[in-house]
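Quick one: the structure is below, questions incoming.
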Amino acid sequence: MASHNAEIRGRSFGDRVLFGLVILLALAMAGPVLYVIALSLKDNKELMVDPHSVFHMPYTIKNYIDTIGTSNVFSWVLNSFIVAGGLTVLTLILSSLAGYGFARLNFPGRDVLFVIVLLGLAVPEQAVLIARHQIFSWLGLHNTYPGLILPGLSSAFGVFLMTQYFRAIPKELDEAALLDNASRFRVFWKVLLPLTVPAQATLGIFTFLGAWNDYFWPLISATKKEMFTLTVGIASTQQNFAQSQGIGFLMAQAVFAGAPILIIYLFFQKYIVTAVSGAAVR
Amino acid sequence: MTLRKLFLATISAATVMMASPSFAATELQVQRFFGACDADFGKNTDVSKAVGECGIITSLINKFAADNPDIKVNVTTVEWPGYDQLTAQFASGDAPDIVTIHESALSDYQSKGLLLPLDDLLKTVGVTPDQFTDAAKEGATKDGKIYGLPIDNWTMLYHINMDLFKKAGLVNADGTPILPKSPEEVLAQAEQFKQKTGKPYFVQNLANETALFTRNLYTYLFQQNSDFFADPKKVKFNTPEAKKVVEMYKAIYDKDYTTKNLDYAGAINAFLAGEGGVQLNGTWVVGDYNAQSEKPGTALNKGGYAVYPYPQLFSGAKAQYADGHTWAVSKKDRSPEQTAAIGKFLKFFADNDFEWSRTGHLPAYKAVIESPKFKALPHRDTISAIATLGKPLPSAVQRQFAIQDIVGEEMSAAISGQKPVDKALADMESRVNELLANL
Amino acid sequence: MADAANGNARRAKSVDIYAPQWRNFLFVAPYLFIFVAFLVFPLFWGIWLSFHKADTFSSGPFIGFGNYARLFRDGIFLQSIWNTFYFVFLTVPALALIGLFLALCLNRQTRSAAVLRTLFFSSSVLSVTIVTLIWRIVYIPDMGLLSMIYGFFGAKAPAFLSDPDIAMIGIAIATVWWCIGLPMMLFLSALQQIPQDIYEAAALDNANRWQTLRSITLPSIKRTFVLVVIIQIVFQFQLFGQALLMTKGGPNNLTRPIVLYIYNTAFQRWDLGMGAAASEILFLLILVAAMAQFLLTRRKADA
């Protein structure tokens, strides 16, 4: 990270103003989250009587205990993990195979098929949602994990990314292995695939986050509460505050819901950042 | 793992599975709205301790499950009114067994052949339509058959903070609140209220809301004998009667006689905190508000809580908009055990309608509504008239909830000044007719 | 020796390894199967649906452009197109500019910069329904964080989610809070691609900070700027969760974006045909945006 702008030198008035602005923005970023955490640590009844009580003692972890006892947050998080994880693994496999196929191998109709796949990039989810919903009804795929994973698997983004990446690898590596009588698959598996780890990371992270955050499709497909993903589950708690368990409890659920992904983010920051920046270097 | 080990493992697993008890618990998928309150009532089976719709229905279902260990009840709570989800579930062949459906929405599903007619099933458990109140029977009957077990009828009410009313001088000598008898009186009394208490007369949930507006409009159209749904496929909203109603509410809004910007939860909290005189809400909060009014130190406890039907503001029919809740059963291939379990569930709710009526809803059974036990519940004396006042839309009107959204949107736009009243009514009419014409 | 080895190799591989072979198709077959079954087929099925009168439970007669005609007669649909454009106008410039600002300020090696970068990106990993929950609580009139902050200064907070004039702005603020991470990251990585020497040369020429920014930094990241704008336009065009959960599309349909309209039409009004038609129109609009990107970057590459 060699990046020393002239801006670093000197602590001028302008510097302080900019610094102040950044701090202000940082407060705006952190404020709502801290507020939610504070709310989750207050007794529901106390909040109903005086909302300002969130700013001072007493704090309690009762809401967290109640959440562990009665909330469905854990099943929602688990479902999201299964769907996002499953989709990520399958996407990496299918996209790598197809990417290699399009980049390195020749078969009848290859170029035409690749253009068609590329066109698939332009199709937004909403253009196919309604039809997919009908089709999945016929196939009985609603309220199943495959039903939540298959739509994402059809995205062309992964194939596009992997094809580009494979294309960038020098052909000499292939040819050296092929001369040693390796099969196509072996070339793929032993030689080229290990070289694509950065692309795999990028693809994996984007796919995981995309699936984790998906709301529209699970909303209309996973309608049974056992199958609720995190997005649908949290949305279902939001609707009618008066008929719910109280704001403190809701916030505790939200904390449980947001914590896993935030923890993952904090641990894998470096890789996520590299992966995301990698996408920009195109 | 070697092939042999794998084979043995599979055999033993299969044996274990086959050795499980020959009867498995019958499973019922139940779906309902009414809110989620597992933190407070999640395990409660003592129904008499429960308060409010959520508490009582959760406790009732818990009790049913406890009384019937051979039936496993799987409850899903959905956001009110839950019809988007229900339709999606029916479309994917995945509908719950028993689901709460409003009487006004029953025909939408019944007309597509998605619901089970319940006459025979109910007869086997000893429930017959003549046990229902007239309103309940009419609401649950479509094409001559019963399609939902009615559990209540509900309507909108004037929930009153008597302490503020006393301050405003709006109380009769006998302690009953003074209620307006015409739109002009509404505005006059609201003005008086504002002068004397400094607070808005009405506490309304105007944000993120459509139902309240629609119910208000229908009520006052009924009271002007406006037959706006004479043709169930073509509505007439662009009428002088409708204009009168909308203009009245608009005046209330313009003159700050009502809270603004509150959503449903906010309105309830505001009323309980004493922020206004009259909350326009329904029968379902009578139990909750009454419980609050018995707690010392609360705003309702100070001067008391009273509840009345909507005032008669026009010289037409004595009526106000009403609807009801039912348990409907999806049409599916079922084993006799499952059908019997459903019958038991329905009978349980028929037998416990008194407990459900503690919410404030009107019971759906003659025996309950005429019982001294029910009549002795707090505040039922002041609202007993709703049994005859309550009036739904003609049952041939389809998609009443979709219509409710359109009416509510347009009325909200007119009241908040976003659109001129005439344009809002015209748009309301054309949008509803467009919907009904394209069913 | 080499000749012998080559000779062996040539005898073993008498076939051109780059000739088309059906066997190679196996690599792309699994993906293509899913692609055709779950993207191509539904795409055409959706188009077919849009020309028919279809509801959730049955397919009706062919009605040609009937659904499309009804769409364009529906004031709410036209409003939703306007709303979507308005929302994109509110969020995309803000995301690009604030993202750039943060990247410029935080592009340094200090620990505090690293912590701040982490903070600004963390909101992006949260899912949309958590974000709406957080911001609804913040916006609650008289009780939420915003009104408490305003109250601290003795003022009354604007009722973001129920005031028709600022409801969309309220959603936009929550969205910018949510999405700021990615633009910032993209700009950061672009800034780090700029070679050191250029800056040193500028310093030697006594260029001040503003001149450096204008003549060196900004032109170097132009491509990334366009990328950020296009990505955000396509993403924000698909606004759904925030509108559904924070305002339900109200008040008075002023915060109803196209995707929410599609959801309402197809899954609340059960009018699948018209919903499909609306989604085809959304598809066309996004296609136009994507085409615009393609042409823009094409032109820049040629320039």
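Going by the order they are written in, the chains are A, B and C; count residues from 1 in each one.
Just so we're on the same page, a contact is a pair of C-beta atoms (placed from the backbone, for glycine too) under 8 Å apart; a residue touches a chain by one contact, two chains touch by 3 or more.
All values derive from a computational prediction rather than experimental measurement.
Asks: Given which chains touch which, is the overall layout a line, a ring, a star, complete, or other?
Replies: Topology of touching chains reads as complete, every chain touching all others.
Asks: Based on mean C-alpha positions, I'd like to know which chain lies farthest from chain A.
Replies: Result for the farthest chain: B.
Asks: Max contacts between which two chains?
Replies: Of all chain pairs, the one joined by the most C-beta contacts is A-C.
Asks: Distance between chain A and chain C based on Cα centroids, please, to the nearest Å.
Replies: One centre to the other, that is 14 Å.
Asks: Counting only Cα atoms for the centres, state how far chain A is from chain B in Å.
Replies: 39
Asks: If a residue has to touch 2 or more other chains to count, which residues of chain A qualify?
Replies: Only 134, 220, 237 qualify.
Asks: Check each residue of chain B and list the ones that touch at least two other chains.
Replies: Where chain B meets two or more other chains at a single residue, that happens at 88, 91, 263, 269.
Asks: Can you pull out the residues of chain C that are in contact with at least two other chains?
Replies: 142-143, 267
Asks: Any idea which chain C residues touch chain A in the complex?
Replies: 9, 12-13, 17-28, 30-32, 34-35, 37-43, 45-46, 49, 98, 101-102, 104-109, 116, 118-130, 132-138, 142-145, 148, 177, 180, 182, 185-186, 188-194, 196, 199, 202-203, 207, 209, 212, 217, 224, 227, 234, 238, 240-241, 245, 259, 262-263, 266-267, 272, 275-276, 279-280, 282-283, 286-287, 290
Asks: Please output the residues of chain B touching chain A within their complex, sorted ascending.
Replies: Per the stated touch rule, the residues are 29, 34-40, 42, 53-54, 76-80, 85, 88-89, 91-94, 263-265, 268-269.
Asks: Using the touch definition from the top, list the residues of chain B that touch chain C in their complex.
Replies: Counting only chain B, the residues touching chain C are 83-84, 87-88, 90-91, 112, 114, 206-208, 260-263, 266, 269, 399, 402, 405, 409, 412-413, 416, 418-419, 427, 431, 434-435, 438-439.
Asks: Which of the residues in chain C come into contact with chain B in the complex?
Replies: 53, 55-57, 70, 73-76, 140-143, 159, 161-164, 247-248, 250-253, 267-271, 274
Asks: For the complex, give me every residue of chain A touching chain B.
Replies: Going by the criterion above, the answer is residues 48, 66, 69-71, 133-134, 136-137, 140, 142-143, 220-221, 223-225, 236-237, 239-246, 249.
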